[in-house]
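Please find one structure pasted underneath; my questions will follow.
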Amino acid sequence: MKKTTVGILGASSYTGLELVRMLVNHPGAKIDYVSSQSNAGQPFTVLFPEMFGIFDDIFILPEQTAGKKVDCVFSCLPHAVSASFLKPIIEQGIRVIDLSADFRIRDPRVYQHWYKTPHACPELLTDAVFGLCEHYRKEIRSARILANPGCYPTSILLPLLPLLKEKSVQIGGIIADSKSGVSGAGRTLKLSSHFVEVYEDVSAYSVGRSHRHIAEIDQELSIAAGREIAITFSPHLMPVNRGILSTIYLTINKTAAECREIALAAYRNEPFVRVRDGGDLPHVKYVAHTNYCDFCYTGGVDGGPVIVVSAIDNLIKGASGQALQNMNIMFGFEEITALPK
Amino acid sequence: MKKTTVGILGASSYTGLELVRMLVNHPGAKIDYVSSQSNAGQPFTVLFPEMFGIFDDIFILPEQTAGKKVDCVFSCLPHAVSASFLKPIIEQGIRVIDLSADFRIRDPRVYQHWYKTPHACPELLTDAVFGLCEHYRKEIRSARILANPGCYPTSILLPLLPLLKEKSVQIGGIIADSKSGVSGAGRTLKLSSHFVEVYEDVSAYSVGRSHRHIAEIDQELSIAAGREIAITFSPHLMPVNRGILSTIYLTINKTAAECREIALAAYRNEPFVRVRDGGDLPHVKYVAHTNYCDFCYTGGVDGGPVIVVSAIDNLIKGASGQALQNMNIMFGFEEITALPK
Amino acid sequence: MKKTTVGILGASSYTGLELVRMLVNHPGAKIDYVSSQSNAGQPFTVLFPEMFGIFDDIFILPEQTAGKKVDCVFSCLPHAVSASFLKPIIEQGIRVIDLSADFRIRDPRVYQHWYKTPHACPELLTDAVFGLCEHYRKEIRSARILANPGCYPTSILLPLLPLLKEKSVQIGGIIADSKSGVSGAGRTLKLSSHFVEVYEDVSAYSVGRSHRHIAEIDQELSIAAGREIAITFSPHLMPVNRGILSTIYLTINKTAAECREIALAAYRNEPFVRVRDGGDLPHVKYVAHTNYCDFCYTGGVDGGPVIVVSAIDNLIKGASGQALQNMNIMFGFEEITALPK
Amino acid sequence: MKKTTVGILGASSYTGLELVRMLVNHPGAKIDYVSSQSNAGQPFTVLFPEMFGIFDDIFILPEQTAGKKVDCVFSCLPHAVSASFLKPIIEQGIRVIDLSADFRIRDPRVYQHWYKTPHACPELLTDAVFGLCEHYRKEIRSARILANPGCYPTSILLPLLPLLKEKSVQIGGIIADSKSGVSGAGRTLKLSSHFVEVYEDVSAYSVGRSHRHIAEIDQELSIAAGREIAITFSPHLMPVNRGILSTIYLTINKTAAECREIALAAYRNEPFVRVRDGGDLPHVKYVAHTNYCDFCYTGGVDGGPVIVVSAIDNLIKGASGQALQNMNIMFGFEEITALPK
């Protein structure tokens, strides 16, 4: 059987590494090329020596990918750069899965507000599907442009969307206090990712209404609820490599147990969502190196908020694993193929 | 000049080690004894080899401290045990500084509710002073029983109390999402403090209204506000040794800048409180190994909550450093003596 | 096709967890039971909540395994306990894979010297095969008793055995300076595995000629060389969960490049040995969560020693992965089945 | 009393921070300026927010230090750059303490061999004193140019020099296997100091005869022994912020106990050297955040090497603490002033 051929743009990133790791084990897909602006000409194993003997391809320049006739292109490029590179590829009719934020926001003005740059191809936005497959699986099957969700949004939207879609639920304020590992900040060199700065430390950043992921969180919550929702969101940096733990406070007219029932019903057949008991708070390590999203509902006593604790691996379910799950859906593979449990 | 003599009960704990570390550098105080039930007869340096050549005393049994005529006794014993041991010492007229929770709660029924055991000496509770010196300095000077505040409460109360004391402030819900290092769980062996369980992990525990520190947080907030306040409090375990970062969400009728002004006025002369700018969010490492509490106020835009980020070292300002600061006040030393900056 | 049925003794350990993780993905094997003295009656997921939805079996008592007719039993029990439990199982004709040290040492007096207890079944020792499959593959195929090598020995023996087997090689002193993650010390509670004691720390222990793994290292080196060899071995504890890095100093009559050639020839067809270039020193993270052993040879200039740097994951190639590789050989599966790369 | 005035070049480094931290607590010294090429014009607290309220000076340009009449200049600049900047300062008659390698090597050809650049002022080398104060205290008192030893060399030389100076000792090969925290690599951005690359990892680098610190180790060992000595030296990177642990293997005609006696005699009155018992192997955490060097001697059984385990904090005794200890000696302060224990 002919394999689905795949190209990866910006493959020298942590998400690129994770994609390659999984794809080499995929029985129906084959990596055709990996590209990297700054590492072109070097073997993948020079950047990632752990892949010695497993994947030894040479990085090509992004420009050299132009004529490549592959079935699917993953982009691990930064936002703005990503849409520019993907535009001609999309126009060639190649299906793309974009791990950047470029195709997540439906309204190009909202995109420009948060990302401080005009969108490179606003005319293509209507063709993009938000790749939270538990909620958009049908649209994903035929998507030409798959906008893979952000890591924080994935951890927050999965436990909240079933509630917001439920007619009988009334939600007031939503506060998400999220804790992320350092790989979420990428492999680029910056002082805030220097080992000595992060080790032994815990810190908050971009708290309130300033982190870019608010755009897609608000968008998807609002679509589900059928009204405008504005979240309060406080990301934190934790001294671990991977994982996000989101603790979410909901002013809501349901008990934690009722929320759990709604989620259990919504996710009954989902292979990568694990709704836990209220007393069984998920840890980051329960989901590290896997494609699971684990969460539970608790609190809500004495008039206090219902509290959601939600965990994912930011590089897998929060990025490359979710992207591969989407590829599996788009190309008709069994959905769990090559995804770590 | 005669030195103030000091005994330390339960000195084989992390808080005991920190007390000893600071006291050996105190020009006006002298450690008379260290006691430990399970390590009596052994040198301090067998438990803490880093103290080799600095403090080589032998642990005595708690029972052997009975006749010791010291000026001040610190207790690092667990709750319930602590009050039982301190009772006869207090009755001898020795001034005590209790790092356990036993003398923090004014109402013995509230104590029993949270700590699941009757108080050992409820008749002494009226003599106890809550040792948050920035708010009880006058009472501390003459205290016979000093109830040293808990670590989480210290990080939460210091930024909130000035606001609650202010007549013009109206506060609705308060949510504190706190992140602590592992030393807060003590040196006792348990699976949840095993290296392999904690490293690479981030987790929540006792979220909502179930952690014992809620008793003293609610009590002090309510006293300051002059009405009943019930906090939502979610502690988290971080893979670091020391430090607490509390992110606190306030529904309040003031801006972040106004909150800052109130705090700056309240703490103008405090040697160990640093009110930072709204954009200068404190990190745990800014205060690690010091007696500082750093915090700032931000958020409050578009109807969202004002957000406080507050940091302390749980073993210093959250325990032994605050205890020593209280000793300095009680015995007339310069308040900053022997306290790390 | 009928699956190979498997029982796991002492499955509440970290090596038990890793075995289960791999076996649930093995197409030809099926876990029949997991046993644990102290956790019998509890679900596996109470001890390892990450396995929720993946493996939910209940632990049985070791005694309850007596009548179970399985094809293969893995023992993750501690030494001495392991041989006692395995003896009747072996006598029933069930093939066993012992992850403890009990069947590694050929001479029961040497065993008693190092493990301070007489061997439980010395009469069975002649049936045991040392499970370093790269050197004993033929014997492993038909082994009734498979003695799975220790973690440190695996990292040291793999790069050294080809040299010692080579007639033209003369080796003088061998010094192995090894660094291990904390999971090597097991899940048992002890102060030396307490998070606060290990984090931010690096330490040596049992240096020189005192660590028990010396018994099997000396034995295998001596067999390969055809003469008595006594290694100097210094283990160190590193603040990471997994992995061993061994830096080995060889007084030898070959250059590093010649050593490399010998190893490349010896391991040409090995799926889990990666001989790296002299300048490409392996890191622990290159092999973490995989069954690889990576090493290289360097140094040897100006009369100095040849230096080997060798890396494994102590829980995979150093324990459960190697055990599963041995099971694959013993039961005729493709050798790489279910083993992580 | 007039305070000793101090300038710090390259103060935006980790060693600069540590120097400032200690100097603000020094009763007899005062920081006159801190300089930084890339941060001139910014407050110290922008780079090191932990110093808010403690030390708020503005960085000046190195060029602006020209006319400053201070008593002592510390240089935390990189090698080669350091000597160039210090040359005119030395010629003004200001006493300098250089934390770089530039004045450590007596022979400028050896310097050029290891540092790949000609020395900027070879004519000044004869005036430089190697600042290992336990062995050069007399020369340090009057030194104009103090060459502060490297971190690895300090951990290796302190336990070895007394042995090499002893007539009756014969030493063959010396192998030092050293493990360092990441702060030893400085605050400069590089992939090998990126959090995600180091966390969960352990690795070796520059093993054998390739690390630059070999130059000063060989030099000082050879001077002490009165003959040429060439060490084998293998540094390793550990995922901790601070600390060095050196495990050293000695072929020697003495027992570990005899080595210990020699060291005890040599260091009887040293305030910052702690010779431990053979069974009391030092940990990095015993010396972290202090100016101590802890070590012990063990091994030497059955013809094996004597093994030294030695620990320092690379930023304190291995850099800034040792530099301050040298300043105290040079300017007649009590030697322990402002140095952490």
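Each chain gets a letter, A, B, C and D, in the order it is written, and its residues are counted from 1.
Throughout what follows, a residue touches a chain if its C-beta (ideal position, glycine included) is under 8 Å from a C-beta of that chain, and two chains touch if they have at least 3 such contacts.
Fair warning: this is a prediction, and the values are worked out from it, not measured in the lab.
J.: Could you see whether A-D or A-B has the larger number of C-beta contact pairs?
T.: Ranking A-D and A-B by C-beta contacts puts A-B first.
J.: With chain centres defined as mean CA positions, report which chain is farthest from subunit C.
T.: Of all the other chains, the one whose centre lies farthest from subunit C is B.
J.: Provide the C-alpha centroid distance between subunit A and subunit B, rounded to the nearest whole angstrom.
T.: 40
J.: How many angstrom between the C-alpha centroids of subunit D and subunit A?
T.: 46
J.: Show the residues in subunit B shared as contacts by 2 or more other chains, in ascending order.
T.: Residue numbers touching two or more other chains: 197, 200, 239-241, 282-283, 285.
J.: Which of the residues in subunit C end up touching subunit B in this complex?
T.: 14, 182-183, 187, 189-191, 193-200, 239-241
J.: Going by the contact rule set out above, which residues of subunit D touch subunit C in the complex?
T.: Interface residues on subunit D, with respect to subunit C: 173, 175, 177, 179, 181, 197, 200-205, 207-209, 230, 232, 234, 236, 238-243, 245, 247, 249, 281-285, 288, 298-305, 307, 309.
J.: In their complex, what parts of subunit D are in touch with subunit B?
T.: The contact residues of subunit D facing subunit B are 49-50, 52-54, 200, 274, 276, 280, 282-283, 285-287, 289, 294, 341.
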